[in-house]
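Here chain A shows up in two complexes: once beside chain B, once beside chain C.
This part shows the complex of A and B:
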């Protein structure tokens, strides 16, 4: 399997403080990798480093075998990024937001795929022509997920994608992620949701204080044990 | 189907931004208002001049027809002198609001006649008319600030920065296009009324282009200042405070301080002082022996020495001689007044390098011919014309020629420099 994302002994500093310290992991083509960790563990920082926003102070970070800084446009083109607490434009409708951002990504925004993506995240059709400022948190999150889907990028970096979604929407989302991975897309998602991570991820990395303190791999054809991960996450069992 | 260009995309986004549309509409409204008020003022001044020009010759001829000697003719015949507004002056009224641009003068002492004319619009001159140069120099920078200050910091605050940048990649960062779009739209809103006003007034295209280029440059300077403030990466509101503070400094504080310092450093006598010096000399003449008045006159005009004997009673020669002596005694102070104004103007020109708004305002006024130099040039043209009048009348008064109406047709005529 081709490795699309790789961090090797990666260290990153923000405002002079070391927030990633010797982190190593990789994501292969068609794989779903979930990054678990408490607040401030360094999950979002990891995603930003892959996007080339934060330079590593040591170690190596690669997208498709190249450091992001080497060809930042290529790295970002290969990635669809769903930021933490994604905020699209409140004064635009869902459709307008998607059209704007797709055009920004140099894609041709067309009505049919946009409606299909909004169907996939099950955003009510009557809401799609309304300004996002009138949306609930979960509805806004759905539009942001639709954008990530529409980007048709081979790699998805998702920062807490299910935050704000109701249980039904979360289940649908996990189904969607499995579908995408099955079609060969690679997903690196950040989450606090141990149960969800075990449902959807082929591998889970546990991050604590900027260090990778544990990893879990699903057995062939099966799922990662929620109990074990939960125990490690809660710090009851040294991972 | 072609991919929509970044230009169209950002233009569309701009069209959906209510705050930006508000500032652009305000820019357009201010520019329309200022150009319209400038056009109206110039039309008013032209209308006044047209009326006066039409009456000027007829009035003079009617007076001349009643005269029996050259002394009376010189006393009763008024001549209109004026500085017509240039075709560009609607955009920068400048000194035309506070300095006199028309006089009716006759053979009496000139300095008094120049300086007793009231300012044409004293109450407006105090308030300061909102003309195009004011809008472009002092208000447009504020609009640049309001349109651009949170372009990046606002996205940063909304948490959209990384998404936008990551989505655009590096090749096509939307910032420059967004800023350029807003700056372009602002320049369009400010300059469109100028172009329309210019074509209504028949203004020269080259002059309008120079004005437009200066305004665009000025807006670019403010764009650069906003970009500089953006480097600080502070919150939008902090950035706004910094920029508005910068505007206060460059558009208000620096020009005002400059004006005060220039006025302190370069004293200039007032027009009233000139008036007083000349009047005192004229009034004193009535009580002096006539011969005494003739001495300084003959010093200036030795060619009339042999014709300078004065009759015992009232003599026009003596009368006009002391009028001229009045001017002679105000000469130094009048020259100091002109010199002082030029020096102040030069100092203001130099200090304008510290204030882009003041610099633009001065440049627009110099293009429009409404600056201090134009006022002084006009005053000089009035003095030159008055000197011609004196030559004409002296050549008839001193040799004691009889008045002939046909000869009065040869009186010098004033023609404005532009």
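This part shows the complex of A and C:
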């Protein structure tokens, strides 16, 4: 399988403080990789480094075999990024948000694929013409996922995607992630939700204070065992 | 649609859906419409009124019957300063300096010696005109509209996904700048209409174009500053605070600081001091009404010698008229010296204030605007000089008639009885020495030359802003 994202011995500093320290992992085509860690572990920093917003102080970071700084436009074209809290415009409707973002991605937004993407994320048709300021967090998240679908980017970077969602919305979201991975998209998801990570990820990396302290791989045809990951996450057993 | 246009259109959609911003738009539109209408109406009325007064004053002067010429010297005349066509945008110093001067013999332009210690105070905020609306209020609307251009995206978290999906920082700033520039363009529409109206009323298209250009450049500088602060500040409140502080410093503090600094650096004498000094000097010149005063002895000796006679009664010219001519000339020279000193002092003060344009675009624009509209201090000084030239011309014309058309004997005996009084008159034809006076703005090329330093300041501000924005774009991070 082709490696689409790779961090090798990656170290990053923010405001003079080392936030990532010698982190290594990779994500292959069609894989869901979850980076698990508590607050301040360096999860979001990892995503921003792949996006080229933060330069590594040492080590290597690559998107499709190239450092983002080498061809920032190509790296960002290949990635659909969903920040925490589905940051979209509250004064625009779901359709307007999608059209706006797609236009800025130099795509030609057509009504039919937009409706199809919104169908795919199960956003109620009567909500699609309403401004997002009236949406719940789960509904906003669906619009953000629809945007990622429409972008047709082969790589998805998700920052705490299920934070604040209710259980039903979380289940729907996990279903969507599996669907995307099944369609060949690669997903790098950073989260502190152990259960959610075990539900969708083929591999999990455990990040603590900027260092990769453990990893878990799902058995063939199965899922990663939640209890083992939870124990390692809580520091009860070595990862 | 290009990325720039999409971003600009997105910003417009946000503004149109924001009640606060819409309220700002409506208020600004009303302010511009009202100030434009009120100023146009006022300046039109003033122009018409002053022209009518000027014509009436000339007709009244010419309609005077045969009289002793010196009575006409004291009858006097008025000179009115009619505002130029671009005064509908910027009336400038008109309200501060007054607009008419009473012209008579032995006295000069009393407006010059009014209680104004500082020429630098001229041109301050006195009424709400389009110039004030654009110079002072328009930046406030731009601050309301634009302070959150970038910061809003950062605070809402939308900046990261926008940049992450390939929107370049330069394009991001360019799109936002385009949105703000389109607002500025819309705001200048009333200004353009006023400029067109001024052109139809005889103003040169070049002056009108330069004036609109200067205001547009000023607003673009503000737009650039707002975008810069919105890019660099971390919070909306901080951006708003910085911009509000710059507005206060640039439009309120610096102009007053500059005026005070100029007054202290080049202090001008007040009315009482000036009057006392002038009275002392005038005494030395002598009284032109008293031909027997010792101050005129030299003139008497000179004339007697020139004409080879022994008594003033034998001179072929009226000695009293000759005294009036010579005395007026000496007195005018003295008064001109005072006027020149005062004007020089005011020019020095103004020149010092002008330098503050390097630190305040408000000062630079104000000076450029008044210079292009012909309503600046230099225009006022020119009016004073032209009015003085008119005064000197008709007074000396009358004194010449006094010297040549009225005999010394008739003049000396005029108070003897009514018949003598009748005899001591000259024909009303002599009143035609009065020239028509129509004050018009200086030629457009002169006004452009006067405005060039200030336009240069604005250009440097704009170029600097553009360069800093380019650097800021490179630092744009989510």
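We take it that the second predicted complex is superposed on the first by the 239 of 239 C-alpha atoms of A that agree within 3 Å, B and C clash if a C-alpha of one lies under 4 Å from a C-alpha of the other, contacts with A are read in each partner's own complex, and residues count from 1 in each chain.
Going forward, a residue touches a chain if its C-beta (ideal position, glycine included) is under 8 Å from a C-beta of that chain, and two chains touch if they have at least 3 such contacts.
On a predicted model such as this, the values are computed, not experimentally measured, just so you know.
S.K.: Which term applies to chain B and chain C once both are placed on chain A by superposition, clash or fit?
M.R.: The answer is clash.
S.K.: In the overlaid three-chain picture, which partner chain does A:53 touch, first (chain B) or second (chain C), both, or neither?
M.R.: Once the two structures are laid over each other on A, A:53 reaches both partners.
S.K.: Touch check for A:100: first (chain B), second (chain C), both, or neither?
M.R.: both
S.K.: Name the contact category of A:136: first (chain B only), second (chain C only), both, or neither.
M.R.: After superposition on chain A, A:136 lies in contact with neither partner.
S.K.: What is the contact status of A:122 with respect to chain B (first) and chain C (second): first, second, both, or neither?
M.R.: Once the two structures are laid over each other on A, A:122 reaches no partner at all.
S.K.: Once the structures are superposed on A, label A:77 by its partner contacts, choosing first (chain B), second (chain C), both or neither.
M.R.: Once the two structures are laid over each other on A, A:77 reaches both partners.
S.K.: For chain A, give the residues common to its interface with chain B and its interface with chain C.
M.R.: Residues 48, 51, 53, 73, 76-77, 79, 81, 83, 85, 87-89, 91-92, 96, 100-101, 103-106, 151 of chain A touch both chain B and chain C.
S.K.: Using the touch definition up top, name the residues of chain A that touch chain B in the complex.
M.R.: Per the stated touch rule, the residues are 48, 51, 53, 72-73, 76-77, 79, 81, 83, 85-89, 91-92, 96, 100-101, 103-110, 151.
S.K.: Enumerate the contact residues on chain C facing chain A in the complex.
M.R.: 1, 3, 6-7, 10, 13-14, 17-18, 156-158, 160-168, 477-478
S.K.: In the complex of these two chains, what residues of chain A are touching chain C?
M.R.: Those in contact with chain C are residues 48, 51, 53, 73, 76-77, 79-85, 87-92, 96, 100-101, 103-106, 151, 157.
S.K.: Can you list the chain B residues touching chain A in their complex?
M.R.: 1, 3-4, 9, 12-13, 16-18, 158-160, 162-172, 174
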